[in-house]
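First chain A sits with chain B, and in the next complex the same chain sits with chain C.
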Partner chain A sequence: MSRKAAVGSATIVAALALWFFATTMTQMISPGRFPSPADTWVAFKQITGVGYANGVLIDHVVRSVVLVTLGFLVAICTGVPLGLLMGWSRKAEALINPVFLVIRPIPPLAWIPLAILWLGLGDMAKILVIWFAAFVPSVINAYTGVRNLDKPLIEAAQMLGTPFSTFVREILLPGASPMIFTGLRLSLQASWTTLVAAELVGAMTGLGRVLNAAQQDLFPGMILVGMIVVTLCGWVMTAALGVIERRALSWNTATRAGD
Partner chain B sequence: MRIFNTQNVIVLGLIGFGGFLGFWTLLSVSGLIPSLFLPSPASVIERFVFLLSHRFAGGTLIDHLWASMLRFGGGFGLAVLIGVPLGLLMGWFRLLDDIVTPLFDAVRFIAPIAWVPFAALWFGTGIGGPIMIIFAGAFPPCLINAYRGAKFADPRLIEAAQMLGTPDRRMITEILLPSAVPSIIAGLRISAGLGWQSLVGAELIVASTGIGYMMVQGQGNVSTTTVMAGMIGIGFIGMVIDIALRRVEEAILRRRGLSV
Partner chain C sequence: MGAIRFDNVGRIYGTKQDGFEALKGVNLDIADREFMAVVGPSGCGKTTCLRFVAGFDQPTSGIVSVDGVQVTKPGPDRAVVFQQFALMPWKTVCENIELGLRNKGVPKAERIKKVNDILALMSLTSYADAFPHQLSGGMQQRVSIARAYVLDPEVLLMDEPFGALDAQTRVVMQEELVRLARRNPRTVMFITHAVEEAVYLADRVAIMARQPGRVKEIIDIRSVREAERWDDHEKIEDVMDLESFVHLRTQIWRSLRQEKAMEIA
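Then we have the complex of A and B:
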């Protein structure tokens, strides 16, 4: 084991020991402020067994993940083509950019009250908010991807009279896809954060709802379980996107070298 | 392809923006979407101006924005004051790096917004909660960029300094810090953006003043114009913060003779 790994695992063990020491053995940190390992385990057993906040853990996870996936798909299906169009056509860029510049500085989370006003606390409001959150990074990166395309390649294709559909399929999309995927990663992270926030503000089920209920019940153990699950789900989804990216861009040596 | 000049860009931009506003106004004024839900752009601006001088949810728009900016300053300042020195120290002392990195990696994937329940539990609706959440959003880029910047320091410079017996403290302040500055500034911009976003999220849930709180109250009163006026305020301040930091970045890079 390398020195780095040894020190690293020693640190993690020490942190866990300190957690146990401060909460369970000495109660330096009161159980009402931060849960002990045992409290956390009890909360975990409760949410996986009898359930908490209208459902068992898996219901909440599935609910949140499905909503994020839906919103994310809507966002990339609208954002990426728009970005490609803006990158390709100066006219489209000049036409759309001012509107985009006005909308862009509004943080995704600031759309939540508006979405609730429009669509209430249901699923449609969540999808709308995720759409707003994930839309901007997808557009920007698709746009940058097209702008960074190899100029001689475009000119060669044009000179050889490549039909537009072939051009899009074989030059535009592959050339821009590394940047597009970067945008998708940012979009996905923004989507996940935004969904959790939206569910915190108001929802019937979902991981944000678990956090919100635990906050209102003053249940630190459940808060910690919620945080851990939110973090793990976010991490797994980002990793899954990474796998898709590597499959899709297997021809791109830069991507492989980067891993 | 026709020659594309600035004038065309401006004309097309105006058409695009005008079309957007026109479409919005049409939807609202025609009653296709009730103006309660989609007020016309004019009434949103009117409400924005009204809120500048009239109190809503405990203060004028200026009061709320000011409260938000103070919190932002607190959380962001704390993140910079802790993150940057810690990043530099980690870039110099290997042991510290090995100790902090696994802990940091375990914590930084937690979305800032997921800290909200603990923030509420620990601080109530006081000023501490939002500051903690802004800190959670703004801290990682500060630390990461200071660390990366320190690692970019020219090894020859470090070796020369080491040979001359430079103490650790001066090594960090006089060698690592100067070479890390461009990376740190870039980190500050990311950090400020994330911090501002987290602030809005925090204020939606745990606050009794601030622009996010004003928007939630607007939502509760079904006052779409207030919510939209709040969005304008948030976007505007976020943009001002970003432009200010970009200016700082340009000034620093220029002073060091690096092109922007």
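Then we have the complex of A and C:
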């Protein structure tokens, strides 16, 4: 593990050195196309100090994180139950699946114009678009999780006289949870992708707004800062989800380690 | 109380006209507290018969009843021990065994006592907080048997419970099951491929035939066991050495082999 970590950090150091070499040292890449480390640092100081595009960095980060979290929560709170329902009940599946099949192939970003038309340039439109994007993976994976439940486990629960509410809480949910978490991870990724795109189109603050403004100002350093911060935010949220997943599925990760 | 009756039971898959007839005219009576083993070639429908009693599946003709009441759905009065254990992987040994009692609404203090008693009886006490995957196959099946026994069911249904275990573990489990069954007799329907296992454990052995699946012959073991005092022997290999045991085993083998011969001819 430490060897792996050493190789990983060596790669990162090499990449940074190459970046410095290609920009500042030799000017192989012109500063107008890609910022040097120094340009990036200047941009970073600017956005954390005096601010950029209607706010300092923390404003943009908070804005984007709040929107992603809201959209993501709305999506999973609707998507997971719907997926569980479709997985469990053939009737519900027959009823809902046709609608789902029609809506599913629509690229989430294609909803942006309609969302803006309905709800304007405000937060609601962005949450709506995130919902469309993050909803689908939640539904599909919760559905698959239920369908892949071991049949004898269901029969064992029936034989033990398990009432339906207990069955949902103690058999269906935990049994489907490895797949549900896969869905949540995909939903979270989709939420970030969609948010940045939605903010590019129209927003007062937010990381997508920073990127858009920097592009219009021909400010490569700020573009790179925006990209790095978006990546870090996404990474932190995915890691947090991973911690929750490992806690919730301790019985399951232990299985994998044991095999 | 827990007498099982199969009354002219049949099962057809597909349509009545050109469906596959898996079972036809199955008649079988298992008395209260009787240990009935069911043996037969694969595909004879012995597991399907067990699933009828459990309520997981319904016959297309005839009636399966327990104490005169037709079986329509699964329930804790007919506990099942599955071949692949079917323990909830996210529940500890203790929680797995406790679930059925909780569903019944047994108060907590009584639940704890019952679970602890059965854990002790099955030598599982030190594994109470382990997860199933941390246990060997034999241990997992012990938990599964404990989960069934703790409900104090009228009827115990065992579908090749030792089929997934290695030979040594299997023998230990067979001896334990005999100990358990003598101490706390229940009506047991026990499906197996292994003739020795059937003769060793059962009061009677039902031999099934296939195409279509039906009960071909029933062999009484109990009268021989009592007359020849098998229970005086503690170890399974001592019983298996007895002339009376060998005789019964051979009789069942012969009956099964006739089936095979007919199939080939």
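The working rule: the second predicted complex is superposed on the first by the 236 of 259 C-alpha atoms of A that agree within 3 Å, B and C clash if a C-alpha of one lies under 4 Å from a C-alpha of the other, contacts with A are read in each partner's own complex, and residues count from 1 in each chain.
Note that in this section contacts are C-beta pairs under 8 Å (C-beta built on N, C-alpha and C of every residue); 3 or more make two chains touch, one makes a residue touch a chain.
Predicted model only: the values in this text are computed from it and were never measured.
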Which superposed partner A:Arg247 touches (first chain B, second chain C, both, neither): neither
Which of chain B and chain C A:Leu153 touches, first, second, both or neither: second
If touched residues of chain A are counted for chain B and for chain C, the larger one: B
Touching partner for A:Leu95 - first (chain B), second (chain C), both, neither: first
Residue numbers on chain B that touch chain A, as the complex places them: 4, 8-9, 12-17, 20, 37, 95, 98-99, 101-103, 106, 109-118, 120-122, 196-197, 200-201, 204-205, 212, 215-216, 218-219, 222, 224, 227-228, 230-231, 234-236, 238-239, 242
Footprint of chain A on chain C - complex, ascending: 54-56, 73-76, 78-80, 82, 84, 86-91, 99-100, 102-104, 131, 133-134, 147, 151
Residues of chain A defined as touching chain C within the complex: 150, 152-153, 155-163, 166, 170-171, 174-175, 177, 251-252, 254-255, 258
Chain B contact footprint on chain A (complex, rising order): 3-4, 7-9, 11-12, 15, 32-34, 90-91, 94-99, 102, 105-114, 116-118, 192-193, 196-197, 200-201, 211-212, 214-215, 218, 220, 223, 226-227, 230-231, 234-235
